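Naming follows writing order (A, B, C and D), and every chain is counted from residue 1.
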Amino acid sequence: MKYVLIGNSVAAVNAVAGIREYDNEGSITIVAAENHYAYGRPLISYWLEGRVPNAAMPYRPQEFYAQNNASVLLGRRAIKLDPVAREVSLDDGTGLPYDRLLVATGGRPFVPPIKGLTPDNYFTFVNYDDVRRLEAVATPGREAVILGAGPTGLKAMESLVQRGVQVTLAELADRIWAPALDPEAAALVAGFLQDQGVKLYLNDTLASVRGMAGGRLELQLQSGREMTADILVIAIGVRPNVELLEGLPGVTINRGIMVGPDLSTGLPGVYAAGDVVAGNPPLLPHAAIQGKIAGRNMAGASETYQPLSPYNALGFLGLHIISMGNSAATGDEYDILKEIDPVTRIYRKLVIKDKHLVGALFLNKLDRAGLYRRLLEEGTDVTPLQDELLQPHFGLLSLPEEVWQQWLVE
Amino acid sequence: MPALSLMPPEFSIVRDENKCVKCLACVRQCGFGAQQYDAADDRLYTIDANCVNCQRCVSICPTGALTIYKNPPPLRPHAYWTENHLRNIAKQAETGGVLLTGMGNDQPFPAYFDRLLLNASQVTNPSIDPLREPMELRTYLGRRPEAGGMMEGREERQAKTRTPLVPIETPIMFSAMSYGSISHEAFTSLARAAKEFGTMFNTGEGGLPGDLYDYADHAVVQVASGRFGVHADYLNAGRIVEIKIGQGAKPGIGGHLPGEKITAAVAATRMIPEGTDALSPAPHHDIYSIEDLKQLIFTLKEATRYQKPVSVKISAVHNVAAIASGIARAGADIIAIDGFRGGTGAAPTMIRDHVGIPIELAIAAVDQRLRDEGIRNQISLVAAGGFRSSADVVKAIALGADAVYIATAALIALGCHLCQKCYTGKCSWGIATQDPYRSRRLNPEIGAERLYNLLRGWSHEIKEMLGGMGINSIESLRGNRLHLRGVGLNEVELKLLGVKHAGEAM
Amino acid sequence: METLNARSLHYQVLNESIRNLLDNGCRELVLKNVNGQRYIGAGVRQQARLEIHGVPGNNLAALMDGLEIEVFGNAQDGVGNTMNDGTVIIHGNTADITGYSMRGGRIFIRGNVGYRVGIHMKAFQDKNPLIVIGGQAGDFFGEYMAGGNLVLLGLDLPPGEAIAGNFVATGMHGGAIFIRGQVDPERLGKEVKAVAPTAADQQRLQEIAGEFAGYFNLEAEKILARPFTKLIPYNKRPYGTMYAY
Amino acid sequence: MKKVYARPLWCMNCHLCEVNCIVAHSRSRDLFRAYKRENLRGTARVIVEERLPLSVAVQCRHCDDPACVAGCISGAMVKDPATGIVYCQEDKCVGCWTCVAACPYGAIQPGEKNGRPLPLKCDLCRETGEPACVAGCPNRALVWEERRAGA
């Protein structure tokens, strides 16, 4: 059995592990567009801060590939797929025959058309190479504007602040990280950022950019606000890399590759996992789990991927946030439980709808966060727990005895 | 309680701050609220007045940071008005109540076991090494056949109505401690250890919890005046049925389990409503004479179709020999006698400390009386009340007992530190409590192992002492007072015990 | 239906015969010429009917669990001692400690009873024992009672005779006693108080009187014609403050 | 695999599992130094939940498909294929706390050691043998044993 994995990130590495649970014999070839062994993409901000050295970037040690008998073709791009011949063509002209193929090509940063934007006057913040480029320019005293105050923009902000760069965040929405934070939580975070000396422009975005003498940029925002900066980072989202499968019979693409419950794509032997999959939040845990399941299924298992609610843990400058599900929800259709301490910037919020936990948000107090995620994922009726949920002692013993007894022996 | 207590704390807890790591185990484990933690100040402190010196905190402390001291006598020492008297008077002046205590008599009466010494073979008769030669500790309890028929048909009927003998693998049984007075966990520990070692435990007067019927084949099931949990299933499940007339801790006094200990589970076992006082009056109201006792014995035998030996347990009191004779003649198969040191539960202090007689004298008196009357061989004699070591057991058997009951020693094996606060229900060791937070501290797996270990150690010691005397069967020791010698006893005591003084020859 | 002639039989022989018959499926047994044999029905668990002609000895129906016994004659001490379930009907008198520590079942006595009747009666879950006495009771009636019901009717009471002896219900801490007519307050233990029966009590008394009348060929209406006094304990912890903690 | 199982019936809420855990994961492996010099109080990798009279020590279940491993952004959290132990390679952890959000038992807590983030999470004392919480439990409320799935 020949396995070919297109992409060398978390999904692919987990697919290798998944395959090897069932098949110790087949050959595995990984086609990596980047010149690096797999690394967790969120790690780039830590690298830029200097908290993670080069040596610590790889997601798995070098031995992983040898132990799993997987060969990696670095710096190679798959450009064509022939589903009949079962072969992928690489950008160097080689053809890779496969029995099972995983498309884990991930996504790429979305860069909107903005007047004056040229490939060399802005940065994105997705790849190792992005931060390697940034490292050269992000020096103390410089000024940066980051477009987008979502998780990527915030992590870029943190690493730049830590390097002594003066940061301004511009966000089109009315608040920071709008999909995860409700206005109250976003205001707490905004206050924190202001205390850290970070400027924040909401309801605004970049209208045009113009290079000035000395390498500085002149930026105009939609609101008419004008400013200058040394660095422009665009961090407003990613788009899935679906090109390899575009136009092939049996494949449906809808802002990502549509997959079946077993993560197959509709082409014989071809699976997809990670950010490239339609409807999958572009989050690392989801990519990892999909990769593992796709790998197992490629090797003969028949496992179903249970769609997982988005969850994210994000920390910057000492503030920690965990969000899950519909954490930003507000409105009368929800029962919302809250604990707020503006001084310590502690914010805990649970969103309940129709007896079920549908979202949770924790700022600076993360106790037992995963427990809430389990209740959310399992669709537990939390009505009987309502009074307990935000108590300091909330835990397994707050659940019905038959539940915690079972959990203890898992 | 009055605003001002006239007595200083009895104990003082000292914490070595250099050792304390503030893990708070002591706070969580103190059953009496003597260890406290102030979270706001992150400060541990003690309320010495609450300390009963049960040593739970000392044992649990991982750093050995705690020591409990007896407070120095707060008043001028007085040989007559002792501190105990002062404390008791103060307590009664505060409450107007009857003084309660727990565990057996703690007063400095003579311990005859400590004035008796055992014999050993030298030259003239070989010792036996129990490590390599057979040594029989198995004891059979129950009634032996009488000699000769006197009435027509009597012999035949006797054969049909003689209850079976009950073998025990060591002459040590666990004495009566009721479920309710001790925790389910302590009770289970006793039951398991008895079954594993091949001896008996005694349900006490509180019935047998439904989940422990698996151990009933090793149970002495008690019938006391309150008849709690007594029904045909219970009697038939047990191996021996015991009528409790008296107990060593409180001769002449009944039992009283206060309503707060009658939890749902205790209520179900005793078959009474939750929360009511469980009153066992001093007398069985169907027994006012030996003839009445006989009727209860035979009621129980009829109800169990003569399959269960019936034991009658009495306190060791002044006229114990004559009473025992009556019991034997009333048809009991076993007589159990509980000495004045006995008692594991709550008892009124005055009764515990001032009523009854020492078990050593009681055994000797009963054994002699039954021998004199020619009926000793018909019945088994079980001694109880304060057996502290295997040597005490050997001496009791040499004085005339078939076997002994131990209870205090068993509880000590389970963790009891004799703080004597059984009656409060707050036992920090999970033994004398029905509070699930406390009782779960005693995992019966561990409890049963500890009890088994105790039986194993004592049994082997008994074998060694027997071997030293040149005896290879416990039955050969019974009533063999030639193997005992008294030290420092007066002539009356020697005569009552039926032993010679040390130095006297065979 | 089987019949046993108990004349001159030792109780052990008689009782063994009874048990053997019941073990072998006998569900109706008549004992004739019973004369003082003890422990009849002790510990018996079968559902069957035993008819006794004569006078059974002490501890009739002790530890019994289900049998129905009807005695045509008097019975002696300890009827229903520690009884768990079943029914005992006695057409004459019984003596002391009838129903001692009885936990379940019912005893109906047409005549008088001796001392300490109903002592230590208990109740537990669905077990709620009942003793109904047609005549008078001796001292310590309902002593230490912890549950169940005693009903004392005092039928055919000679004028001037007390329906119950002294120390009625001393130490009582559960259950209820119903006495037809009045009882001299001087005779009550200090742990109990006399109250009027509730409507639910009246309903139950009607049923009890009906059943009693049925067994002994009496008229329930006449029994119920006199009002009853109900005795209940002040609390279920009579000695809760006795001790110095 | 051999796991630590809690038996809440016998948990007596002494929290000594926490103490033993802290010592086992201290640099000095010494009770006094761990608390007094290394200041490790509150860093146990086992959580004793209290709901008196009940209490129970909750810790990592070393799942077959650990969500914390799947969620780990740095590759620090791994499941040892040989032993099944899920543990964090502390020198790789960046402290994003995705594992905290991932754990279905809430058994991972954010912590810190020598200035580095450290998820407080049971590693079954993989470096020393028998888990210290089990060895030190005075009432056998924790056992370390192999149990068949579903048993």
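By our rule, contacts are C-beta pairs under 8 Å (C-beta built on N, C-alpha and C of every residue); 3 or more make two chains touch, one makes a residue touch a chain.
In this text the structure is predicted, and so the values were computed from the model without any measurement.
Here the chain-to-chain distance from chain A to chain C, counted in touching steps, is 3. Once CA atoms are averaged chain by chain and compared with the all-protein CA average, the nearest chain turns out to be D.
Chain pairs B-C and B-D differ in how many C-beta pairs they share in contact, with the greater number at B-C. In this assembly, C is the chain whose CA centroid lies farthest from the centroid of chain A. Between the Cα centres of chain B and chain C there is a gap of 36 Å. The distance from the centre of chain C to the centre of chain D, each centre being the mean of the chain's C-alpha atoms, comes to 64 Å. Annotation: 44 Å between the Cα-based centres of chain B and chain D. Taking the mean of the C-alpha atoms as each chain's centre, chain A and chain B sit 69 Å apart. Multi-chain contact residues of chain D (touching two or more other chains) are absent. In terms of which chains touch, the assembly is arranged as an unbranched chain of neighbours. A complete list of chain pairs in contact reads A-D, B-C, B-D. Against chain D, the residues of chain A that register as touching in their complex are 14, 39-43, 46, 51-52, 56, 58-60, 284-285, 288-289, 292, 311-315, 320, 322, 324, 366-374, 377, 393, 395-398, 404-405, 407-410. Within the complex formed with chain B, the residues of chain C that make contact are 10-13, 15-16, 19, 38-39, 42-43, 45, 58-59, 62-65, 77-78, 81-82, 84, 97, 100-101, 103, 116, 119-120, 122-125, 127, 143-144, 146-147, 171, 173-174, 236-245. Taken in their complex, chain D has these residues touching chain A: 5-6, 8, 47, 49-51, 54-56, 58, 61, 63, 65, 67, 69-75, 91-92, 94-98, 100-110, 147. If you check the complex, the residues on chain B that touch chain D are 19, 21-25, 28-29, 60, 62-63, 430, 435-437, 440-443, 445-446. On the side of chain D, the complex with chain B involves touching residues 9-16, 18-20, 31-32, 35-36, 41, 52-53, 136, 138-141.
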